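Below are two complexes that have chain A in common, paired first with chain B and then with chain C.
Then we have the complex of A and B:
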């Protein structure tokens, strides 16, 4: 555990990558609202950048459409823009640029151009910001051809994933769940209760597999999740050690397009699967995962896949209401017990 | 040419230049006349090419030889010819919209690539994927989302400024597009960050079927003023006046690294896309009498004009023939290209 205390937090990891790539690569441009020092961005991911790189760190007017659109133009002309939307909910204002321009230009020009941009979006609730500043709108972008939707958990090397996104040839929607910013990254192979394995290229968007049991033991249940769900999942897995419920958790770094192989392997290992996301579950990412599991592992399933997400409504401002609307450790535990019964 | 009530300061520079020419010796005068004649012939060949390509596309559509849609700019050719010829083709970046055949042809002169693209052939400039509205060649990008290209042009101008390339970005807009918020975000940021963006408004008075009076409050051409963007307004009767105004505008943008807004009053003599014209025939006829193409033709000798037209007809004929003979890209080939492209 002492090791964990020295590891950077999620926000520190992201910030270090931005400092490093801006230092190493004059093509990297950072733009967004309120990102200049001393303020350094609403969540401080960009702190220090404008002092070191004043020409390439641009604070913008409140115009998410142009933040995204200017990024498209920068990327078309050889730069590597990293845009910040202050809150992920504002992605709706940038969606024309993301879907009709960033995603379509390379394909509609028959592969003759690339649009290597990153749009960082702080998503998620649990901070009392209310309906217009708390949703997880990555659901709007998953499944859109020719863009990637990437969401590091705090078991991912968030900074390394951001670097991979910046050097990705495709546009990347980079989802940062707000509750993760102060969390220390947990990249060690084991701590006292949970082991961690990273599957897939480490310099890309690996899938993280977590186990709360010894490698010699058989898991009881598979939980598939991503991004901010690690905040709930890790403490719950630690708690379930005592109950002797062995959880195999699988968290892909890239939501879309989806490398389903490690997910299907994890589903086959138990035949009992919970898919959990912070979004409401209807028509969501979890539905896609469940469909793939049914398609590929139907014979090995021992119970129907359980999908868990937020209540199908807005994220309320009042804390008690917000807590009730979002997935909690209790509702996640209930889902696990349901699939085990 | 009618300049705006408040002409840009650069207009005076042009007047001084004209006075200097008039005072020069007869030999220089004759040279200047020869240069003007050569320019007229060159511009006519481009305008006539655009006109014939677009008429041909409409014919092909009527014959069922091309499908989907095609937006033409019959009558607006002088905008494309005047502005694109004022650019530095080697480095400047052009964004345009759904009505961009003319801009494309003046920029690239790739008749075969355009016709094949609109006809969906593999030999088209975008392999038949982009089609009439979504063209790309070198530094030119067109897109079918009204106003969406404005922020892209702003970002491209920022990239060129950061690279120190000396290039400017040009974005063509229509009067209908001036209803989009993205245009004003773009004007604001281009001015705020002193970016080299030339906004060109081709005001043809209609957004598809809807007249300007039902779309806009106030005068759209004065809107840039509130963003501290200098501007000029030109009536597009003569391609020369467009070209001269565009040269001044380009110089302003490049030398000052500031945006400029060039409003061109023009008129679309053909339908929005195919046979979908609901405008008054009298109105169209009145504008047909002001068509810049015959006006320019009248300055050429018959022999020269006929030679130009003959060459254009032959180029268009060959381009159509080649496109008809070319195949269509298959989906597997396209998806494989995209897969490799994004690795």
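Then we have the complex of A and C:
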């Protein structure tokens, strides 16, 4: 398909936004570990930036607390810092600065300051990086007041969402699932099998609705997911066309706070809902989504909401073991068939 | 015959999707041993060697200095000296074979779609018995098969399943303790009152209506389908199959009808639900039977006892320690005082006051506007004198 050849990849889209924003706005500063050329960052999102903007691209020591703390200070002084944690797993080391400082300063200083800060966090597994480089720790931040947790899928305009995050008045945790970096963005309204619709918040973090059936047909099952799950969901939805299973998929761009309206609408459309996330499902984002669906759509549900996530254990490095621990297309298919049965 | 072995670019680091070929360590066409270093490549973190996977003669496919993707074929080791054209021909053959193998594996799936399988399982149909109109059995094939089968009278209850507004009947299987699904008996004005109350009751909802009026068949009230005439056999089947949990009689005008349906359906094991409008107040220690409809703004005071299958219109008040029988029908605003005893099948009009300790016998009829000061015997019909003139005023007084 023509668009597949011409549309940028996820990483290209993010990189272009950083180049454009730095070019247009001298307040934007990028900082993180190993982000200078020629290495250009572990995932190459920042490649080329230090060559073009040497005084606003800062390489840092291996200390996530410093990266976050320095970013909070820059934001307080009127800059728009975009910090990169090389792996989101090390958000643990930056959490105090984010939760106790970035999120609270506007309230603690009586609205006299803002902290317009973006912390980019590559998350997710499937690359054999083992227990401390494969997690999806956005679960630590969802539900924290005054922090936005944003996670584009490859059906989202990742670059546009990064731009919105940079100009957001509140601190934004920007979650990039590693498997999506080489994926081409799929922003067309339709391709051969899946139609795409962007719902709400066109200038910030829209929800993407995907369908593998014609608009005149009734969907069978609703799948609610975010971020890297699009990597599994897209081929599975295409495969289920043959099986006459009509999937209405709903992927919010912003996990927290959550615009639940499109999710509830999608849940009501079928009464059968699977919520899937890369984290383990226990006490997770999917549990929050399920609770909201029960609260608002109880009488319209035809089956209990099925929550699907990783096994509640350490993510193994060996590929076969990692695959077994994480959600797979087969386990997602099983969950869909369970909720339909 | 010449044997060829590919030399792919290995994945050296978890992060790498490509690498640069720095130099070939053996000349083109050289004979190599298995495990001999062929070229050195640079990844983001290191320089590594790529080794020959087998012994033979090297034919390179990527120039030194160029980048290659992980998994890309960098060279081929041939069992005899070979040219690049030989290798290109072999690679093309390999690709053609792989492409030809593809559709063979794709058609070896099950003979029906997942959707067809689900529908067949829900409907208790052996999917293997359903003929396919195309390559595989589809949802449409199963539906066609069901439609042919449902012509038989024993399966008449399949009929509403075909309409999308009766989907609840098709595939809902709620565990007990969740929303109770009710079958309404009667689709007239009483049904509208019951549906209005149910709309405000989160723990109950109507899923189907039965009414003998053929003009209502196939229509719906408030989104609830009229599935056909009042048919106990069919209702028993639907209940057994979990299509509804309990019944409610929404007819208020005929007490004999209410009692007959209640007794017959009850005898067949179909439970009846109490439908109580959320604005009604039910006091402490109230005893309720089943199948009672208690509509808006009613008051059932402490320690009152109600039997079964009573239809109690809005604004009625059954005071403390009253005892009410079964199958009674109340118009709006019937107000009892305390410890009133009411027998079975008593019918009340509108706006009636009943003094304390009054007993009303079974099958009595109390007309609108009565005030009852003393006991009413069974089967009595009590009326107020309408527009009773006591005396005439003198002219000019």
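In the analysis below, the second predicted complex is superposed on the first by the 341 of 341 C-alpha atoms of A that agree within 3 Å, B and C clash if a C-alpha of one lies under 4 Å from a C-alpha of the other, contacts with A are read in each partner's own complex, and residues count from 1 in each chain.
In the analysis below, contacts are C-beta pairs under 8 Å (C-beta built on N, C-alpha and C of every residue); 3 or more make two chains touch, one makes a residue touch a chain.
The model shown is predicted, which means the values in this text are computed figures rather than measured ones.
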Item to check | When chain B and chain C are modelled together on chain A, clash or fit | outcome: fit
Next on the checklist: By the touch definition at the top of the document, which applies to A:218: first (chain B), second (chain C), both, or neither?
Outcome noted: second
Item to check | Partner chain in contact with A:39 - chain B first, chain C second, else both or neither | outcome: second
Item to check | Which of chain B and chain C A:105 touches, first, second, both or neither | outcome: first
Item to check | Dominant toucher of chain A (residue count), chain B or chain C | outcome: B
Next on the checklist: Looking at A:245, would you say it contacts chain B, chain C, both, or neither? Reply first, second, both or neither.
Outcome noted: second
Next on the checklist: Under the stated touch criterion, which partner chain does A:143 make contact with: chain B (first), chain C (second), both, or neither?
Outcome noted: neither
Next on the checklist: What does the superposition give for the shortest Cα distance from chain B to chain C, in Å?
Outcome noted: 25
Checklist entry - So in the complex, which bits of chain A are touching chain B? => result 29, 55-56, 58, 60-61, 63, 65-66, 68-79, 81, 96-97, 100-101, 104-114, 146, 169-170
Item to check | Touching residues on chain C, where the partner in the complex is chain A | outcome: 14-15, 17, 44, 113-116, 118, 121, 138-139, 164, 171-172, 179, 202, 205
Checklist entry - Quick one: in the complex, what on chain A touches chain C? => result 39, 42-43, 127-129, 182, 218, 220, 240, 242-245, 298-299, 302, 337, 340-341
Next on the checklist: Which residues of chain B touch chain A once you look at their complex with the stated criterion?
Outcome noted: 93, 126-127, 129-130, 134, 136, 141, 143, 145, 148-160, 162-163, 169, 181-182, 185-186, 188-189, 192-193, 329, 334, 337-338, 340-343
